[in-house]
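These notes concern the structure reproduced below.
Order as written gives the chain letters A, B, C, D, E, F, G, H, I and J; numbering starts at 1 within each chain.
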Amino acid sequence: MISSRDEVTRMIVSAKVARGLKWSDVAERIGQSKEWTTAACLGQMTFTRSQAETAGDIFGLSDEAVAWLQIVPYKGSLREAVPTDPLIYRWYEIVNVYGTTIKELIHEEFGDGIMSAIDFSMDIQREADPKGDRVKVVLSGKFLPYKTY
Amino acid sequence: MISSRDEVTRMIVSAKVARGLKWSDVAERIGQSKEWTTAACLGQMTFTRSQAETAGDIFGLSDEAVAWLQIVPYKGSLREAVPTDPLIYRWYEIVNVYGTTIKELIHEEFGDGIMSAIDFSMDIQREADPKGDRVKVVLSGKFLPYKTY
Amino acid sequence: MISSRDEVTRMIVSAKVARGLKWSDVAERIGQSKEWTTAACLGQMTFTRSQAETAGDIFGLSDEAVAWLQIVPYKGSLREAVPTDPLIYRWYEIVNVYGTTIKELIHEEFGDGIMSAIDFSMDIQREADPKGDRVKVVLSGKFLPYKTY
Amino acid sequence: MISSRDEVTRMIVSAKVARGLKWSDVAERIGQSKEWTTAACLGQMTFTRSQAETAGDIFGLSDEAVAWLQIVPYKGSLREAVPTDPLIYRWYEIVNVYGTTIKELIHEEFGDGIMSAIDFSMDIQREADPKGDRVKVVLSGKFLPYKTY
Amino acid sequence: MISSRDEVTRMIVSAKVARGLKWSDVAERIGQSKEWTTAACLGQMTFTRSQAETAGDIFGLSDEAVAWLQIVPYKGSLREAVPTDPLIYRWYEIVNVYGTTIKELIHEEFGDGIMSAIDFSMDIQREADPKGDRVKVVLSGKFLPYKTY
Amino acid sequence: MISSRDEVTRMIVSAKVARGLKWSDVAERIGQSKEWTTAACLGQMTFTRSQAETAGDIFGLSDEAVAWLQIVPYKGSLREAVPTDPLIYRWYEIVNVYGTTIKELIHEEFGDGIMSAIDFSMDIQREADPKGDRVKVVLSGKFLPYKTY
Amino acid sequence: MISSRDEVTRMIVSAKVARGLKWSDVAERIGQSKEWTTAACLGQMTFTRSQAETAGDIFGLSDEAVAWLQIVPYKGSLREAVPTDPLIYRWYEIVNVYGTTIKELIHEEFGDGIMSAIDFSMDIQREADPKGDRVKVVLSGKFLPYKTY
Amino acid sequence: MISSRDEVTRMIVSAKVARGLKWSDVAERIGQSKEWTTAACLGQMTFTRSQAETAGDIFGLSDEAVAWLQIVPYKGSLREAVPTDPLIYRWYEIVNVYGTTIKELIHEEFGDGIMSAIDFSMDIQREADPKGDRVKVVLSGKFLPYKTY
Amino acid sequence: MISSRDEVTRMIVSAKVARGLKWSDVAERIGQSKEWTTAACLGQMTFTRSQAETAGDIFGLSDEAVAWLQIVPYKGSLREAVPTDPLIYRWYEIVNVYGTTIKELIHEEFGDGIMSAIDFSMDIQREADPKGDRVKVVLSGKFLPYKTY
Amino acid sequence: MISSRDEVTRMIVSAKVARGLKWSDVAERIGQSKEWTTAACLGQMTFTRSQAETAGDIFGLSDEAVAWLQIVPYKGSLREAVPTDPLIYRWYEIVNVYGTTIKELIHEEFGDGIMSAIDFSMDIQREADPKGDRVKVVLSGKFLPYKTY
């Protein structure tokens, strides 16, 4: 009896390590970007039936687990409000240090509203650099203006 | 008597509204990107003497305030651990929903380490789109591998 | 020297009590709904120049305060993560008790995504009822589907 | 041995996914609105004996579980004071951004008191819209005036 | 310029000490119970015009302060979620130790619902006792049943 | 192996639902008030040997569980500092809204000290009322004056 | 206008440093132990009229401040739930490390109940020791048994 | 497989209740004070091999559990930063109300430094008193002066 | 099925106690410093395949556990934001008391930037001292200057 | 009227920027290490009379401020439990990631006890390195063994 998506996420994570899989290979088989696919496998996105069945094959999941992959999950992947993991913390720090800057510049360009985190995509790539390679991340979110009524 | 950078930030913010300035114009006069300049004006970065003097002219600051701009500030621009402002919250949400995804993919590509938030730059731009313009943000941070010893 | 929208909100709240104004009358003069207008006066929305000037007349604000009304504010009107005021707490309680219900039913009808809090409107009305009048609130938010990529 | 309603909720949630049920169908068989029924199934409301027996049939529950459905539960469906799930967070954000507005307007219309979260109903519907369908939610709560004594 | 009820509460508290007043005398002049009157003076209840004017006379308040007494306040009288003051903490402890007991017994007698904190009164009295006098508090709140719909 | 009173509480709660018992009947058999008995069964009070044995009969507990009922428990029955359950929250709200009032009036009558939560009793009753029955709660706690030394 | 005991505490603390006073001398003039006197001066205890007048002389306080010393204060002397000051933290640590030990041993000796923090005294002394002097603290609190009813 | 001291603490607590042991008897057999012994059994102190073996006999522990008793534990015996149990809370309250007093008086006598919580002992005793017996606790901690360098 | 590094850490910790191993011996066999090795065994660092296999031998781990040692872990070894264990707390206290000092002196020497916690090493040693041996810790982190752009 | 050491710290910080002073120069004039001196100037340590007078000269302080420098301060230099400033956060991260490692290794070498944060010194230096200079920090704290009694 599976009673939450978290249990399926643990099955996937466990199978990934045991089978020595890579997220980019999983993504290729699922047919989506590595960013969306990883988020989905980690319990943040909803699979279509066919994507779920493919994931079921890749990770050796039961039918019940495959059914759970098609249910919209309760999202949120971090254990604490302020993450302790150094890699994830650096992102929290960027939001903390640059938060008001991001707010000012988006409002200066677009007016009042937000950058959507739903109609949103992310692309993470290696940027070769002689002084040490860099992580380059491109975020793209639709601007949604506040409505007046 | 000024006893913290926050007081200078408040002077700058106040002068910006009163004088109707734009961050992109301020950046041009300071000679840095609009992202760095805004963060610096909002109390997150350290000005050189010449940058501080230019800022002093732009915002009409006292000599004491100009001296404070050259002092490394206590960083952190948000009022709460979880920001209430919807625009900034969306960024926190991205870190929350995609945090483990970002971690997995950077580690898959680079191994153990972090994406620096110090040797880091950000570029925010409008991306025209017939279905509604998008906010495009490019983040670039040096990858720093964990050291074994 | 005004350095935050909060100061302007305090001026407005103070003038409203001193002058004995009603939000519905303010809204009529501003030309928007009473819900949007009240939120705007309480520091959560951005005024156009003409709306700001009207508000300046109504509340007797300085030019600097009127300028601040046109700046996108840092939003969030509550003092604590869990509000102590009984009226506002009941709303928090509704989110707490019905949160997973709302999530299930919107997903059942629309699939994965959210109800926007930006492309959003609210209408608060008295509903006459012989057993005691009721507060009727209609919320309308655009459904935004999660994007696959 | 079942020692909390949470265990029954997990059984129901698990059976719902395994059997591919919809909340609206469950509601029809229970004979209540989909909003009340979903909240009840998710552990927030108390079933009558006959409702509980129907739910027992639908989800294949033991007699002990059916008995638990008739016990008033410890309410509260969220994991954290500030929810991380984006759909539920938007509701928290509405309370945060509009909280003081809601307070002002209800008091302006009704005087001091609250909108009941107990003598309360909710109706969630799809609102067709050429610019993208909307989620329309109608909340109705009895106004309860503060008593003077 | 007064911009919150808290400022008026501070004026009242200050005047009460300076003038050596007692709450029970204030209540008699206001014409309400000492419990309601004290809560109102401490910023938790809303005065009628005539009550506010009497309070203005008692405490020597300005017209603006008297106007604020007639505005519904943002309620909540404690500085922290868990009070540090020993007398108030004992009440918090009673809720903590007896909370589930109170819940069980009210539900056993009345079914699902709550004891209202709005249609509510409180009476605090000295109970003479040879082993040491006791504080006797009678709370009376209307039972509000959860509505099914 | 039982290693905490919580486990015994769960056994009692589970047996109560499975056997369809009422707290008032349990109290009668134990020979104490329904308030003390319920608190004791929910893990907040210490049973005498004979009370524990009676409880063991009523709920079908093992000898080890009966031994645990005679051990002074770690008290505190709520899951969070601020309770989410609406019935219990109303009590927290009463402490929050009336906390300073209670403090003022007890001090006005008794001087500095507290109302004991240890030498304390509670009585919960139905109060018939044509406008809707009320929950009447009488709290009685010994006044303990602060000692000077 | 003084509106809280905290303001009087700040006056006392300020005068103590400016006048170079010692708490033990203050206590001698007030005629109470140095522990009670210091707690009282730091805003935790209530002065009698004559003690307050003596304190007024010692610290040069206004009549209004002297009146405030006779009002029961809102108690709690720390800035945070977990104190940051190393000396005070050590006490918090003792409660944290030895908390369950203290609970077990008092219950083993006295049964269920508490050690009063109201009918309580404290004595802090230097204990000469060749390996380094020690701080010896004697706490004495009345045992209050839990009442059965 | 035992992976934390907490598991051994639970075994000890469970055996103590099942076997009807008293801490003072355990202490006598271990050959240390009842305060140190109880703290050690509750997972806060480190046993020597011989003490651990004695404890193993008393509580019927496995060799692996006896090995764990000799490992320095992660200390801290409370479930929350602010304890909910009334007996332990009173100690927290003493630290909260008297914290600054303790700080002032130790500094007045000894200068800057702390009272050690490591080179520390505690003695808990019954103090007979015709008005009700008292709990007398003697704390003794070495004074450690802050070092200048 | 292993679904997190924490499970492997618990296996290692359990085996270490059961087998009576020392970290310094483990480090010698792994071929790294005792500091890095202990951190890695406690779930904070990533092993190479050969290091993981050696660790597998030392602690008797399964192949699946050995595979997990080579996965970058979610870092953070403490249970709470403010650690309760006295030894670890002292380090938190050092950061709290000396935090701004460290910040000032590093900035005075190096300008704006940070001391890396990634390109970082630590060396813990006994420093013999006639007045009592000391713990000497040498921390070395690369200085990373903030980038201007 | 100065009522807390924080006010003096603000005066010092303000004067330091206005006069363009360096901590190392201040330390030389005070005659202590730059680490102790900076901590003392930032309100964490207690000055002797002669050190305070020198500091008074350096920063242009009043006699009252100089008196405050000789009073033991309430220590703790950070604004939040988890610091937001990136430089200080890295130290918090070191404690978080390496906390259990530090604990294990000190206990392995010394047994149960702590590294003192009171009998403690710190030395911060630049370590030249061709791959980028490093910050080298040497911490030295007396080992204090837990006492058995």
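Here, a residue touches a chain if its C-beta (ideal position, glycine included) is under 8 Å from a C-beta of that chain, and two chains touch if they have at least 3 such contacts.
Everything quoted here is computed from the prediction, not taken from an experiment.
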item	value
Interchain contact steps from chain E to chain F (minimum; 1 if touching)	1
Winner on C-beta contact pairs when C-D is weighed against F-G	C-D
Separation of chain A from chain B, taking each centre as the mean of its C-alpha atoms, in whole Å	24
Chain A-chain H separation of Cα centroids, rounded to whole Å	46
CA centroid of chain G to CA centroid of chain I, Å	41
For chain B paired with chain C, centre-to-centre distance based on mean C-alpha positions, whole Å	28
Chain E, residues touching no fewer than two other chains	35, 74-76, 78, 81-82, 84-86, 93, 96-97, 100, 103, 107, 113-114, 116-118, 120, 144
Each pair of chains that touches, named by its two labels	A-B, A-C, A-D, A-I, A-J, B-C, B-D, B-I, B-J, C-D, C-E, C-F, D-E, D-F, E-F, E-G, E-H, F-G, F-H, G-H, G-I, G-J, H-I, H-J, I-J
Chain F contact footprint on chain D (complex, rising order)	1-4, 64, 67-68, 71, 74-76, 78, 81, 117-118
Residues of chain G defined as touching chain H within the complex	22-24, 34-35, 38-39, 42, 44, 75-78, 81-83, 85-88, 90-110, 113-117, 120, 122, 124, 126-127, 129, 131-144
Chain F contact footprint on chain G (complex, rising order)	32-33, 35-36, 45-46, 72, 74, 100, 103, 107, 111-114, 116, 118-121, 144-149
Interfacial residue positions of chain H with respect to chain E in the complex	82, 84, 86, 89, 93, 96-97
Residue ranges of chain C touching chain E (in the complex, touch as defined)	10-11, 13-14, 17-18, 20, 79-80, 82, 84-86
